[in-house]
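Each chain carries a letter (A, B and C) given by its place in the written order, and its residues are counted from 1.
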Amino acid sequence: MAILKPILYILVYPGLIFLMIYSTFCEWYDRKLYARLQNRIGPLHTGRSGILQPIADIIKLFAKEDIVPEQADKGMFTALPIFALAIVCTAALYLPVWHYTEVPSFISFPGDLIIVVYLLSLPTLIFFLAGWHSTNYFSAIGGTRVLTMLFGYEIPLLLALLSPAVLADSWRLLEIARFFQGKPLLMLVNIIGFFIALIALQAKLERVPFDIPHAETEIIGGQFTEYSGKKLAFFRLLGDIEMVVGAGLISAVFLGGFPGGLLPGLAWFIIKTLFVISLLAAMRAALSRIRIDQMIHFSWRWLAPLAVLQLFIVIIIKGMVS
Amino acid sequence: MEYKVALGPQHPALHEPISIRMTLDGEVIRDADLKLGYNHRGIEKLAESRTYIQNLYLTERICGICSFSHQTCYTQGVEKLMELVPAKRGLYIRTLVCELERVHSHLLWLGVAGQEAGFESFFMYTWRDREVVMDILDWISGNRVHYSMNTFGGVRRDIDDLQKKKILDSLGLLQSRTEYYLNLAASEPTFVGRLAGVGKLSKEKAISLCAVGPTLRASGVPMDVRKDDPYAVYDEVPFEVCTADSCDVLGRAVVRVKELIQSYRIIEFLLKNLPEGPFKVKAPRKVKENEVYSRYEAPRGENVHYIKSNGSDKPERLKVRAPTLANYAATIAMLKNGFIADIPLIFAAIDPCICCAERLVQLDDARRGESQILTFSQLRAMANERYKNVNFKKKDIAWPF
Amino acid sequence: MSIKIAPFIPEMLRSLFKKPATVKYPFEKTPVPPGFRGNVVFDPPKCIGCMICVNDCPAEAIDIIRVSETEKKFKMILHNDRCIHCAQCVDSCPTKTYHMDSEFELAVLNRHQLKIEYKKD
C-alpha cells in the first residue's frame, strides 16, 4: 500500500494528469494574452471563451495521418517524441509544490536543482536528433540551429539559477524556496538574474524572439517539418509542459516557491507561474525574430557578463549578511 | 558540402507559387535560379477574344492588390488609341483611386515585411489600420478589391460631398498611425537588426539590372513614372519622388513609408481641388488600326501595357509587363552570398506580385532555329517518363535527380 | 531615430483595455455601404431587347429571351455563378433596366440554384 501513494503522485498530482490539464490551460492563457496585446480576440468559440482550444488542437492532431519519410529510421523517428515527453514530465516532479517533499526522498534531495536543469536541456538534444533523422535539408538546418542556440543561452541560464542557490546556501529547490519565503527582501538582490533567466527560458522554449530553429517563414518547420499526426501532437504538448516546468522552476528559485500545503500551495503555484507566463507572452508580442548569429552575439556580449555580474553581487551581499 | 535545395513552390514565406532553386553551403547561398510559370492563366490570349469593354474587367483581375494599376494602364492606352480626351473630373477621381490603392498596398507591404521577419504584432496593427482605407474604397466604388472605377473617357461613378468628408477625416488618423509606424520600425532593435544591411544592391547594379519601383529608389536613383512621363493629372499635383541611400531592405521600407506620406498629401490636394463638370465622356466602340505603349507607376514599380488594335472592337494583341518581372534579375543578384535567414526578407522587399508577372515567353531552339509548342498531355508524358527512370532507393540520392 | 528597448510595449498595454478590433462575424455583421455592388436585379417591363448587356457582359452571364411573338416582351436569365458583380450591365443599358442590390452572402450548395430567372408574370 505504501507504493500506492507515490504512484498517485506521479500519475495524478503533481504528475501526468494535472500537468497535461494545466499546461493546456497555460497555453490558452498565453494565446489569449498575446491576442489581446495585439488588439484582437484570440480563441473564442471552443468552450467558454475558447478555453478548450488547445485540447481541441491536440485531439485534431491525433486524428490526422501519421507519415514517416521513406529514408528515415522508423524506430528513432517514433521514439524521439515519446522520450522527450517522458523527460519533461519527470522534470516536473521535482518542483516543490507540496508538503510531501519535506523529508529527503527520491523526489526531493540536495542537488535536485541541477537535475532539473539537466533534464530540461535534454529535449534540445532530442530536437537535434529529430531534425537529423528527418533526412530533409530544412530539418537538418533546424537541428543545427537548435544546438547553436544551446551554446548561447545555456550558460547564462545556469549562472542565473545559481545565484539564488548561492545566497540560500543549498542546492535543494525546497530549501531555496523556504529561504526566500523567510526573507522576502533578499529576492530583490536577484533581480538581474530573474530577467536573464526569463530571456534564457524564452530561448529554451523556442518562442519569438528566439524561434529561430523552427522559423516558419524561413525553413518551414525546422526540426518539426516531417512530423505529423500523433508525433507532432506530442511535440506540441512537450512545448506546453516545458513552459510550465520552466515557469515553475523560475518561480521556485526567484519568487519564493509555493508555501502552505496542498490547496494554498496549488494556488501559489498557479499565481506565480501565470505571472511568469504573462511576462513571456509580453516578450513574445513585443519583439521580432532575430538571426542566429545575432542571437549568439547577444548572449555572449550581454547575457553571460550580466550573469557573472549577478554572481558577484550575490557573493558580496552574502558576505555582508552572514 | 554544397546542396541543391528548392524554396517553393509551396512555402510559408511565399504568398504565390514560385520556385527558387538554390545551391547552399551551410547557411550561405552560393547560387540562385528562379523558375516561373506556376500561376500562368493565359490572360494575354483571353484578351484577344474579348471586346475592349470586356477587357476592362479582365485586366483588372490580373492581380488583386494592384488591380487598379492594370486597369488604368489599359484604359489610358485604349483612350490614346481612340484619340479620346477624358473628362477632367473623371481624371481627378481616377488619380484619387490610384493613390488610395498605393496607400493600401504599402500598408499591406509593411504588414508582410513584419510577418516575414517574425514581428507578428506589427503585422496585426498595420493591417488593422489598412481596414480604414478598404472601407473608404468600399464607399467610393462598391467593392473592397477590384474597384472597376475606370471606363473609357473617365470613371463610372462620381464622388459626393459626404464621401469627400469621410475621406478627409480618415486621412488624419492614417497620417498619425503612419508616423507612429515609422518611429516604431526605426527604433525597435530586433526589427532593425533584421532589415539593415540585408539585400544590398548598389546604384550601378540597380540601373544595369533594370530594377524598378522602390527597389530602385532605395538605391538612390530618383526614377518615377509619375514625374518622368506624367499621366492622368500628375503634372498638376505637387509631390516629391522619395529616395533612400542605404541600398538595403531598410531603405526600401523607408521609401515606402515616405511614399505613404506623399500619397496622403496628394489625396488631400485632389479632394480640395476637384473640378466641376461631367465625370465621363462617350467613347466609340470600334478602334482604328494603331498601336500604343502605356506606362503607369504601380505601387511596385513601372507597369507597362502594349496594345495593338486592328479596326474592330476586339484588340489584336495585349502585352503586359508587370514591375515584379523587371525586379527578378535584381533579386537573384541580391540573393547570392546571403544567408538563408534573409531569403524571405529579400524576396518580400521587392514586393513580389508573382501573378502579375506570369507571361508567355517563346523560346526558339538555338541550333535548329525552330520553336516548339507542347500540349499539356505531352508535358505530362515527358514528366512521367523522366521520373520513371529514377531509382529512389539508392543510397545517396539527392535532388535534382 | 535612436534605438530604444521594446518601444512597442506602451501601445500594446493600451490595447489590453480597448475593445478588440475583430468583428465577430457571423454573429455580428457590419452594414454594407450604399452603392455596394451585390446581385444584379432586372426589371422586365423596361427592357427593349437591344442586347447591349449581353454583348458587354465580361462573364457571359446574361441571356435575354423574347417571350412573345407579337409584343416586345423579354425575360432575362442571370447565371449568378458566372457573374463577377462588375455592374457593367447597369452602365450599358440605355433604359435603366438594371440595378444592384446589397446581398453578399451568396453561397449555396447546388450550382443550379444560382440560375435566376427574371420575368414578368
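Quick note on the criterion: a residue touches a chain if its C-beta (ideal position, glycine included) is under 8 Å from a C-beta of that chain, and two chains touch if they have at least 3 such contacts.
Only a predicted model underlies this, so the values are computations on that prediction, with no experimental measurement involved.
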item	value
Of A-C and B-C, pair with higher C-beta contact tally	B-C
Reference chain B; chain at largest CA-centroid distance	A
Whole-Å separation of chain centres (CA-atom averages), chain A against chain B	44
Chain B and chain C: spacing of chain centres that average the CA atoms, whole Å	26
Inter-chain centre distance, chain A versus chain C - centres from mean C-alpha coordinates, in Å	52
Chain B, residues touching no fewer than two other chains	121-122, 125, 128, 188
Residues of chain A whose C-beta touches two or more other chains	37-40, 285-287
Junction residues of chain C, two or more chains touched	6, 8, 12, 21
Residues on chain C engaged by chain A in the complex (per definition of touch)	6, 8-9, 12-13, 15-16, 18, 20-22, 24
Residues of chain A touching chain C in the complex	35-41, 44, 282, 285-287
Residues on chain C engaged by chain B in the complex (per definition of touch)	1-8, 11-12, 21, 32-33, 35-37, 55-59, 84-88, 91-92, 100
Residues of chain B that touch chain A when the two form their complex	3, 5, 11-13, 24, 27, 114-122, 124-125, 128, 188, 190-191, 193-194, 339-344, 392
Interface residues, chain A side, partner chain B - complex	37-40, 70, 137-138, 141, 208-209, 211-212, 215-220, 285-292, 294
